[in-house]
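Structures for review follow.
Both complexes shown next keep chain A, but they swap its partner, so chain B is in the first and chain C is in the second.
Up next, the complex of A and B:
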């Protein structure tokens, strides 16, 4: 896929972080899903980076993806 | 709880494993500070950095000291335990009114990227605005899942940026950011973005508010935007080497809706500048560049002149107007002031007439980084003794950018929350040698619902205080936005003018006017 393809595509957004950005998109009827995000790895940034590198994408604390 | 020598005491309440984003935390802080008997309050996640901030503010107590990064710390400086408890109860009410799991009755929100991709099949872009310490990990996951990324977060290390952008290029994805405040892709505004018509001008920008200023002036001139691609403020440094600008230019070159391309950012590093000429040469479309420039540096081309088809603009406003002119087959003409010279002279004389001896300096208090940088360059070209940085230091003319990383740790961006800017406006307004306060007011989706209204109480207070000390304080501002924005540019400008603020048509014109006023005070 070339980056140019994004310019021709319908934008469908995964929002991670500030909910107000997801709200603004939703108000304009842009397809968006907002993640109920929590700091991964108990809030330890170095461990979070290692887990991301290892391909981890599971909410360990609550045991569900 | 700890008690001090005064009647006030600090009280901390901790909710374990209870993450809230910086905007929610700001709203909680506001609710608590409205409670009678509360002198100061803060709601923060218990990261080591935030605990230092709480300590320095005199708000940290024993319970807070033991908090971890995923714990919510409610800190209150109050006259009694009852007042502190009332503040805590106010946060509970606010959190119950707006649960993190989304609106009542809606499907539960996914907690991971995999869950989000199941909930929204065909998702193609991740908009990431988590705290900087976690942002790289989230962006890495999104790129690996095949999503383009817009990374709003700042405080991301440059090595992480290079790693993410290299991966994005390998996978044919856009990696916009970090510190990418705004983008418009196919008419969809992302992050802080203005309501502008779709059109034929494409923008690639290593600058958030620079991009906003350009698209708003394009809209005001009656033209429109095909796409506005933010690449992140550091993309043109030699450490990153334009990894995303090159991709953005290639995409705009092949985009049929884009007829003219506009490139903006701070001046590129020397190695990146050398390659930029090739990228611009391959565009095959008329092009405008504005590298928001400091006085001592050459404008636009530098040691490697841009290709002959490239128009070099001196300001963001001129870049927008030049792009519009090129799209209409006309020759670009720079603008100094929209109003005739006589009107500008009257503005300067009116502002300056009632000033007192010793009022000599321009003090810029900005929320937009590129707007601050542009103002600094324009002041340097016209005035001596302008402080070189944007951290508010220096004894003569100075500009502070309150969106700089150092001011945003643990806090929302000043375009969302004006608390810190109000403090700076009053601080700079109280200085006896301040002649002009120079401000930006940035509108758009995601920014404060009424930024002018949020700043005006501080502006009015500081002007009154100055008047009672025999000083007349000039306040010069520009409003970056459109009438299609949720806040409405005309309404915001009218509110500012109603309080005696001189509102100029662009940031560049505001900075030039401020410099003219100060030059008469030298």
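Up next, the complex of A and C:
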């Protein structure tokens, strides 16, 4: 969809992450759904890499999916 | 087997585990591996030189109780000279609240997990005030311990045999519907246990029956130690599943907080013990408090305590919170657990099961750490409890556990 068309219709927003944005839109009566999300492990790459190596589908003996 | 499979198996074992209180026996009888001059303590391993005040006080008291020293000074010299061996209770399938010091002659509650053929042990609760678990070791403390060993333990042991054991899993489930969370509030659990035991204690017709019943009735936390041994028994049943990231023990020695994980065996992952947020008794404040201490976090590990706080709004007021805080705390713990308990349910959450099976990965991923209900011990030995509140397990334990777990994959 062209950006122009996006703004021509009524705006409905899904806000992910900081609640501040959802609050600001809500105060202007813009329909908004907030999703509480934050980067895994606080966004720390080393910990995110560890988590990626320990997913549910990882075979315990092989150490990989 | 995948990590997902391993965790499903671990949680299955945890749900299937039982906990029946079958007896009260001397430690040296049920723990044959316990050396003659060995003392067990709460939390991960700690040497005498690093022990906090309450734990040192309890060690001194245990030496006096066993007759290994005639005075407190002699006991401290014996410990300093290396005349004692120290090991965590957890290394012997046991748990102890606060300092958790356990010596060979002490009477232990024996809890059996029939489904997995294992047993777990805990000391008898001494009541509040000046007690060994807070490091007190004056004559009144020693006299009470001697009476508990000589009179109370045989009576309760006989009553349990006559009753054919008491199903603690059932009592915990009922206590949760009566306002307990089985860590800081045990009013319902104690009442249920005493009610169950009383006819069998009375039937003994020998010994100090009246004092035994009055003591259990007056000791609001009498059920705590039984619930801790029950939690330990059920968690031991799911420990050692290769590839599982479920936490099977959380424990503090007053200096360090440690956790164990099902898939990483008997290794401890530790971080400095946290401070406790809470309310203090008149005349005491944060400067007087010892950092978090005790094996009682085994309750939270099994989904009780702060994990079941929504079941016990009455105690939140005691530590300065609101009923809303109780609900929010339990709801937050669902974020870091893999299941909901099939037997332990919370009326205020429409009988939802308590959060069960702490996943190390979820803790690191969400940044949400386990919350623990706890008493606050004075940092000097023998003063006792000076307040109550909440502590948070340090994130460092879970990061180290995840590192250790990943390092062991594919090896």
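Just so it is clear, the second predicted complex is superposed on the first by the 38 of 65 C-alpha atoms of A that agree within 3 Å, B and C clash if a C-alpha of one lies under 4 Å from a C-alpha of the other, contacts with A are read in each partner's own complex, and residues count from 1 in each chain.
The definition used in the following text is that a residue touches a chain if its C-beta (ideal position, glycine included) is under 8 Å from a C-beta of that chain, and two chains touch if they have at least 3 such contacts.
Please read these numbers as outputs of a predicted model, since none were measured by experiment.
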Next on the checklist: Is A:42 touching anything from chain B or chain C once the two structures are fitted on A? First, second, both or neither.
Outcome noted: both
Checklist entry - What is the contact status of A:54 with respect to chain B (first) and chain C (second): first, second, both, or neither? => result second
Next on the checklist: Residues of chain A touched by chain B versus by chain C: which partner has the larger set?
Outcome noted: B
Next on the checklist: Looking at A:6 after the superposition, I want to know if it touches chain B, chain C, both of them or none. Which is it: first, second, both, neither?
Outcome noted: first
Checklist entry - Can you list the residues of chain A that meet both chain B and chain C? => result 38, 40, 42, 51, 53, 55, 57-59, 61-62, 64-65
Checklist outcome for this item: Note: in the complex, chain B contacts chain A through residues 17, 19, 21-24, 45, 47, 68-70, 100-102, 108-117, 119-120, 122-131, 133-134, 136-138, 140-142, 144, 146-148, 152-153, 171-174, 185-186, 188-191, 226-227, 247-248, 250-252, 254-255, 257, 416, 445-446
Checklist entry - For the complex, which residues does chain A have touching chain C? => result 38, 40-42, 47, 50-51, 53-65
Checklist entry - Which chain C residues qualify as touching chain A in the complex? => result 1-4, 6-7, 242-243, 245, 263, 361, 364-365, 367, 399, 402-403, 405-406, 409-411
Next on the checklist: If we count contacts the way the header does, which residues on chain A are in touch with chain B in the complex?
Outcome noted: 1-22, 24-25, 28, 30-40, 42-45, 48-49, 51-53, 55, 57-59, 61-62, 64-65
